[in-house]
Amino acid sequence: MKELETFPNPSPNRRYIVEHINSEFTSVCPITGLPDFGTITVRYIPNEICIELKSLKYYFLEYRNQGIFYEDVTNKILDDLVAACDPLEMEIISEWSTRGGMNSIITVKYSKDKNNQDIKL
Amino acid sequence: MKELETFPNPSPNRRYIVEHINSEFTSVCPITGLPDFGTITVRYIPNEICIELKSLKYYFLEYRNQGIFYEDVTNKILDDLVAACDPLEMEIISEWSTRGGMNSIITVKYSKDKNNQDIKL
Amino acid sequence: MKELETFPNPSPNRRYIVEHINSEFTSVCPITGLPDFGTITVRYIPNEICIELKSLKYYFLEYRNQGIFYEDVTNKILDDLVAACDPLEMEIISEWSTRGGMNSIITVKYSKDKNNQDIKL
Amino acid sequence: MKELETFPNPSPNRRYIVEHINSEFTSVCPITGLPDFGTITVRYIPNEICIELKSLKYYFLEYRNQGIFYEDVTNKILDDLVAACDPLEMEIISEWSTRGGMNSIITVKYSKDKNNQDIKL
Amino acid sequence: MKELETFPNPSPNRRYIVEHINSEFTSVCPITGLPDFGTITVRYIPNEICIELKSLKYYFLEYRNQGIFYEDVTNKILDDLVAACDPLEMEIISEWSTRGGMNSIITVKYSKDKNNQDIKL
Amino acid sequence: MKELETFPNPSPNRRYIVEHINSEFTSVCPITGLPDFGTITVRYIPNEICIELKSLKYYFLEYRNQGIFYEDVTNKILDDLVAACDPLEMEIISEWSTRGGMNSIITVKYSKDKNNQDIKL
Amino acid sequence: MKELETFPNPSPNRRYIVEHINSEFTSVCPITGLPDFGTITVRYIPNEICIELKSLKYYFLEYRNQGIFYEDVTNKILDDLVAACDPLEMEIISEWSTRGGMNSIITVKYSKDKNNQDIKL
Amino acid sequence: MKELETFPNPSPNRRYIVEHINSEFTSVCPITGLPDFGTITVRYIPNEICIELKSLKYYFLEYRNQGIFYEDVTNKILDDLVAACDPLEMEIISEWSTRGGMNSIITVKYSKDKNNQDIKL
Amino acid sequence: MKELETFPNPSPNRRYIVEHINSEFTSVCPITGLPDFGTITVRYIPNEICIELKSLKYYFLEYRNQGIFYEDVTNKILDDLVAACDPLEMEIISEWSTRGGMNSIITVKYSKDKNNQDIKL
Amino acid sequence: MKELETFPNPSPNRRYIVEHINSEFTSVCPITGLPDFGTITVRYIPNEICIELKSLKYYFLEYRNQGIFYEDVTNKILDDLVAACDPLEMEIISEWSTRGGMNSIITVKYSKDKNNQDIKL
């Protein structure tokens, strides 16, 4: 997988939120081989570096023909983006288009502060 | 009733939220025999295992010709899904279509942590 | 006024929320004699018994030709429903249609637990 | 300015919320002389008395040809209504129509309890 | 850059919120030279002075042909407006139009009280 | 039934359209005795006289406790209003709230010109 | 199949439109055995008789566990309703919920006047 | 009343449509003295001259404290604007805010071509 | 390319409309190699045979990794579907997601009747 | 002004509609020097050649700092695009953001067929 590009956080002394919403995500169901379509939201509080937007778009494109489950891909995106930019906090939300009358949403969260890793319904 | 299928949680060390929204639920009113239509939302924090989506769809289909009240069916779905996947937390919300100018919504919640079982208006 | 019918709570050991939304409420303004139209939301956490839905619909119908103010009717509905089902918590919200360019919303709340009766803007 | 009429709170022993939304407010910009249009929301927890609705409508009408700034008029309405009904809590929100591609919203709040007067972004 | 005009806070003893939403912001991408379009929300609790609205509109217009990144411009607007009016608290939210199927939102926050500068996802 | 008041058409030499939409119509189902709720649209091209708006509101109020079917009431309103103002053309549309998952809409039309009385799906 | 009940057209001398929209239609896919959900719109110009609404609701309920294709069921409903009430014109529109990212809409039309049976895209 | 300013049509040889929508119109009810609020749409095909937009805004402002009925004001605006710019065709639509649960819409039309002055429901 | 499957029209003697809307179409831009996303609407009046829905879904999937322009793909879908089912009339509408602030819609139409092949803006 | 690029119509024998909607158009008011924002819709039936989309985007960018009136710019875009691609028919619609409570929409149309150049309200 290509490396995600980054750039130095222009305001490293201020906690603030960056949110990128990709409404054109698509991957493939590993069982049926049929495409899945979703919206992926990336929200994070940058530490020393930020994720470069065009590079993020190309990162998402690599899933286009890859077979992967909803829960897997959401956790994997979080792992990859945390590895790429070492954020203070990060949240990934994947919302999937209707299949058989059902919609799924997966929400995963990371915090550099180990005392702050809870998530609630 | 058929057994609900499950699969191992791909990220058992991270608390995260899985949400499945079934907008095509239907059962039967036990008094009038007329069909009820609703949207059932299942939200949970998985523990060791996750609920398999197709199996969940077939589970819901078994209510199609069953006579059952709003409050009953919502509590029963929570009991069945908790028994099937032993989640850390789970919430079921059922929203019902208009009957005589009135809409009903039932919200039930479970937590494996006995100190965290409160629910508020 | 007719008695409100009830039925035993099918899950008395679990705190959960029941919500009934009546979008066809109408009463009469006691000053002008003109009809008022509103949506009444009943949200409660049942204790030992639940309110029967059809009976609730007939209860609301008794206001159709009764002259009563917004604040009065909302408080009275709360008093009547609390008396009928002795809930753990209950909230009544009445939202009224436009009169002279103005809309009104009244929100009243009850808690069996006397330490939990606060309400905030 | 005309006096605001009031009536005794029908449930003085219960904390509850009254909300009146006037979507037809208009005043005049003191600099350009051009009209401003807004929606004024009054939300309060009544103490001993409530504000009479028709009287409130006439109170708002007195601003129709008056030159006054957004921040001023919102604070002034709060002062006038607090003086008129001595509420436990009151909040005024004014939302203004687009001017030069910009919309403004002013939110002011009062609490009789001096320890409860904070407001946060 | 032109100076931002201000006026004395008409209610300096009351904490309240002023919000200005500019839905016609545009600047230029420093890499491609193509225009970016966004909505900028300024929310603050005034201290001694308020920002004059027309002056704020002209301040935003100075970005029309300036090349600047999303994260940079949002932090810079916060720095400039804090310098101009010394608020108790201020928040800037920039929401950007779709580029390559992706939308971005940046949220930055300032508090005069150094113990209140946290921000959460 | 009270008489509908009218006033002279201020522009009798110009064909133009007047439309009044009553979103607070209610009558009673003659079989169940339960209330029906609807929106009644009156559209007409006035001839010599126009229908006075307040009088029209009071006319609609007379149906509040009257038992009448959807098709009947729509045709009756057209007959009454044509008799009251002798319009060049008139159309009545009644849209009814959901009953058992079904909504009904009735559209009836009148034209003084006998060659222009057709209506199409 | 049960007989559809009718009643005499209250205004047989006036051409007018009756529309009933059933947003709770469900049948079964004859191939997969899985339920289909749809909205069925019945629009017609009555001749001598009208379709009774409750009877129509029970007619639709008979499809609940019947296997039938979209095109078939729409044509069959038109045939049955034309046979039941001999209308001047009738149109049936069936709109189906999403299956595999696709939605279907079928529109069929009948006219007693053989010269008026065309339909266009 | 102030004169409406105009400017030469920049494309007098091409038939095209100009539409100005004023969503901040207000006048006064001649009976109650209470304000009316409306949206006025001006649509026209210019002939030799066009209406200047700022001048049109000031023209509408002159109704702010004038008592006038819905039907009157709509016809009067058409007469004034036709007199000001002699258009090939012009249509005025006034849509009024809710009064007693009722909304009104008035549509008037002018055509320089006397054979083209019809209007239909 | 796979063959499109069909089935006999169940009502060949009646002109009626079949519409299939695929909101999950994706192909690839032949210049940039980046994916395009669109909604494809197929509307037709069947002749002797209808297009089988599942087969249509698989037909659309074959474009997933194919480089093709908006105008080309829309015309090609029409050609392929006309060849597959020989309809009386058919219309294809492709609506594409935002690229650089711009959205495109292509509408193509076929009629077996050579005198009916016009299309208008 | 840069030349608009074109490409050969891939289906020159079929009349079909191409529509490009630019929701990020901006120019400058020639009187105040303040920016105007609009949505420009280009709809046309191509003849021998089509307009290249990226080239169209750059064409619109040239208006960014140009002072021009609503009516002028809409007519000029039509003239330029007709000159560039010689279409069978073309329509330009410009919809402008709110100024002083007013929105404007300009609609201009061209037809190569001189007998088909009419436009109606």
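Should a chain be cited, it is by its letter among A, B, C, D, E, F, G, H, I and J, assigned in written order, with residues numbered from 1 in that chain.
Note that in this section contacts are C-beta pairs under 8 Å (C-beta built on N, C-alpha and C of every residue); 3 or more make two chains touch, one makes a residue touch a chain.
In this text, all values refer to a predicted model and were calculated from it rather than measured experimentally.
Listed candidates were H-J, D-J or C-H; the one reproducing the F-H interface, defined as more than half of contact pairs identical by residue number, is H-J.
Spacing of subunit A relative to subunit F, judged by their CA centroids, is 56 angstrom. For this pair, subunit F with subunit G, the centres built from the Cα atoms lie 27 Å apart.
Distance from the subunit E centre to the subunit J centre is 34 Å, each centre being the mean of its Cα atoms. In this assembly, the C-alpha centroid of subunit H lies 43 Å from the C-alpha centroid of subunit I. In subunit J, the residues that reach two or more other chains under the touch definition are 23-24, 34, 37, 97-101, 109. Here the touching chains pair up as A-B, A-E, A-G, A-I, B-C, B-F, B-G, C-D, C-F, C-H, D-E, D-H, D-J, E-I, E-J, F-G, F-H, G-I, H-J, I-J. Of all residues in subunit C, those touching subunit F in their complex are 23-24, 26, 34-35, 37, 61, 64-65, 97.
In the complex of the two chains, the subunit D residues touching subunit E come out as 69-72, 74-75, 98-110, 117-121.
Within the complex, the subunit G residues that touch subunit F are 9-11, 14-24, 43-46, 50, 53-54, 56-57, 89-91, 109. Interface residues of subunit A, counted against subunit G in their complex, comprise 34, 37, 97-101.
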